[in-house]
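Two complexes come next, and they have one chain in common, subunit A, joined by subunit B in the first and subunit C in the second.
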Partner chain A sequence: MSPLLRTLMKKEMMELFYSTRGLLFFLLISVVLSAFSLMLVTNTELSLLDNAQALYMMSGIVLVLTMLIAAVYGSDAIAGERERRTLSVLLVTPLDLQSIVRAKLCFVLLLYVAIYLVGLPYFIAVGSSGQNLFEGLIYLFFLGVMLSLIFSAVGIYVSLSATSYKAAQTIMLVVVLFSASPLLLSASLRQSTLGRVADYINPFADAVNTLDAVIIDSEPFSQQLVRLGILAAITLLAVILPLYRAKKELS
Partner chain B sequence: MDAITIDALQKSYGNQPLFDALDMRIEAGEIYGLLGPNGAGKSTLMGIILGLNSFQGGSVRLFGLEVGEAKKTLSQKINALPEFFSLYGWMNALEYLRFFAELYARNPEHSALEKLLDDVGLDRRDRRPVGTYSQGMQKRLGLARALINDPELLILDEPTNGLDPKGRREIHDLLIELNRRRHTTILLSTHILDDVQRLCSRVGILHQGRLRYEDDLNRTVPFSRYRFELADPTIDPLKCNSAHLRFVRKTGRWIECDIENAAPYKAIEEMHSNGIRFNQAVALSGSLEHLYFTYTKEAAS
Partner chain C sequence: MKHLIFLLLLVPFAGAASLQLSVSKPDRTLTMGDKPVFESVLTNTGARPVGSVVLYISLVNLDKGSEHPVDLEDWSAQKAVHLDRLKGGAVSKEQWPMRLIQSGHYGLFVTAVTGTDARPVTSEIVLFDIQPKKTVIPSRIWPVAGGVPLLLLFLMALLRFKRLRATGR
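And then the complex of A and B:
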């Protein structure tokens, strides 16, 4: 990693820990996971779930939070810096816009690792006596990496083009809602051809379905290749988008 | 050698042209004052010079290198203070300067950063987050940041805006010292004509996409008008006249004189040697203002 990227990432990390926004992210994650864990014990219906199902549900929650945080952070990345009038000063230095985008993407990855580590004790507590805990944790890690990259990269792309931070954030919230929409569809609708296609091209649905297949159905890696391949392709495309846009960008 | 060479620059926003074949040259080592009304394109021009704004035609070179093609090399040679900027409010002044020093791949001694804070008139022991700084203090820190890479070319957009008179004087002294000691080229855009008159060796007036006027400041404004409060009001004001000073009028205890910009201190010495003592002096600097209005009005009409 170049010293410039390292310096910029260090700044992002310090900013996160000094700001209430960053601390709120982590507080939100631990509150949500604690509440869900408590419900698993106290709620009659949830307490009937086996450990694998509980682990799957908790992984889904972490992926939703990851998607949300990556989208919010991504939409702030450039539009926020521009609005706070800190971007022009950065661009006078040897940094170019593409380096800033790279640093922001790397930082989102670090952020996801932190989220994953916060969630780890909860996963172990919930799924330790069930099946596929280890596989589930490995898959969750890599799926989270891909989702955080996709949603932050799309957020940064929107942020590069948006007229304001608010506009970028609104667009990204719609993208997140749209991505999470399969959760709201009925099972029969999801089984239709349209539903299946939508499931395949929706990265969030791909991630959740992969977790379902691995944790609950104990499917082997070979059966996940199509979904993982699509997810990897979307990740690559999503990351290239803002990098390309940043290279072209001049007001 | 030219620090900035702009040839036939063209820039427009949609169908609205901003610069139409703009030519401009700024020699290395000079302090150039860029004047122009709001919307004349001064900040846009600075953005183009810094490689932050695009343009449709012409060429912009810094130290002979094409802007946009030598970003890495040029960014080490130049720095800027935009008119509007924000600091990372959670950092303290030293952290802020260190962050930018690292972006320039420099690892300055703690004492060097403290010296920079001293130079811009900030307290080196102040460890408050810079978000709590006043506008003037933020401007000073911004200037310290602009000096972090010892730039050969410094681009300043309204650098003394928001500063008190003492702060303005300190920044003037710092910029003059920088220019004298390190031969730093300074491009200064401001609406404060007194800043231009005190600092700049050359001035350009930008209006309606073109440089309407450009010349050495001493030729442009050979004299500046000052008002002096005489210690002895009965003295014959014509005694003021000398090689570098011309008496204009007397009103009560006050006299107005034009002082040659090239030799202001000599003019004061001559007043003293002619037995003229004064309690206070006020710079009126009407000449540059007159020139400014002439060229911006002419162009508009």
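And then the complex of A and C:
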């Protein structure tokens, strides 16, 4: 990684991790997870699956937040810099647009790791007396990595072509809303052929369905291969899109 | 003629009457998380074979005041068995593995339905208790639920303090 690229990453990290606003965001995540954990402690009629259910729901919360943050950050990545008139400053450095896109993607990954680390003590406290904690944590980590890459990359792609940050953000919020359809649609609607296809091509649905299958239904890795394969392919495609677009803009 | 009509009326029930069904539970204390195997025995006591029999298990929670049938989705991967044919005098033993999800007082029974008989055959209810098991350890959750937000609040306060000191206010 070039020193300039490292400086750019550092700037992004300082803005988030060393600001009260950035920490407030992590505080909110921890408060939501605390509320969930306490609901579990105060429930006196627990079944064997309630830990797993709580772990699954907490993982879902982390994934939703990751998706939302990656989308908002991605939409701000270029359009925001352009509006703040900082993009031209960045472009006069030896950094090209492709490197900036790469640095932004790396930062979103770091952001996800930070969210995951905030959630980790909760997952262990709740899930250690239940089932599939270890498997759930491994799957959650990789699913979160893929989702953060997909939504930030799509956000950056939209950001590259949008006329304003507001326009890019609006488009990305619609994308997030569509992606969150598994949370809005009933199970019976999702059981139809169209619903199943939509579930397979929706990366967020793939992620939550995989977590459901692994944490609650204790399904083996072999049964997750189709969904994970689709997710990996979407991730690859999503990452290539803004990098290709940035290269094209350069030429 | 009267006798013939009477016999013809009995024919539809002949199949149902020839099936006998019983179910047994494991002889040990059952606790949440255990995976006991229940066994059912279906006997065709008649001379005629019985075709296409569907056997399925049912579980009822019998806790006073909250009696309800249990959805077996998480409890059992094998909820029904299909037998193509059961010869006269033959016995079919089926095993019903279960995972005990929630504590309480329960009743389990097996039902056999044939394509030809109007009445299903049901076993007697096997009653059993599932002992509770601690699934949540509050001493692990409380410190995390309170500690992580407090730690982040402390970090926020520290940052603010550092910034105020740096600006000299």
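We adopt the following convention: the second predicted complex is superposed on the first by the 237 of 251 C-alpha atoms of A that agree within 3 Å, B and C clash if a C-alpha of one lies under 4 Å from a C-alpha of the other, contacts with A are read in each partner's own complex, and residues count from 1 in each chain.
Quick note on the criterion: contacts are C-beta pairs under 8 Å (C-beta built on N, C-alpha and C of every residue); 3 or more make two chains touch, one makes a residue touch a chain.
All figures in this text were calculated on a predicted structure; none of them were measured in a lab.
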First (subunit B), second (subunit C), both or neither touched by A:38: second
Touch count on subunit A, higher of subunit B and subunit C: C
Contacts of A:84 with subunit B and subunit C, given as first, second, both or neither: first
Partner chain(s) touched by A:23 [first = subunit B, second = subunit C, both, neither]: second
Touching partner for A:15 - first (subunit B), second (subunit C), both, neither: first
Partner chain(s) touched by A:92 [first = subunit B, second = subunit C, both, neither]: first
First (subunit B), second (subunit C), both or neither touched by A:248: neither
Which superposed partner A:3 touches (first subunit B, second subunit C, both, neither): first
Doubly contacted subunit A residues - partners subunit C and subunit B: 18-19
Touching residues on subunit B, where the partner in the complex is subunit A: 47, 50-54, 71-72, 75-76, 78-80, 82, 84-88, 90-91, 99-100, 102-105, 142, 145
Residue numbers on subunit A that touch subunit C, as the complex places them: 18-20, 23-24, 26-27, 30-31, 33-34, 37-38, 40-41, 43, 45-51, 118, 121-122, 124-126, 128-130, 216
Contact footprint of subunit B on subunit A as seen in their complex: 3-4, 7-8, 11, 14-15, 18-19, 84-86, 88-96, 250-251
Residues of subunit C touching subunit A in the complex: 32-33, 74, 99-102, 133-138, 140-149, 152-153, 155-156, 159-160
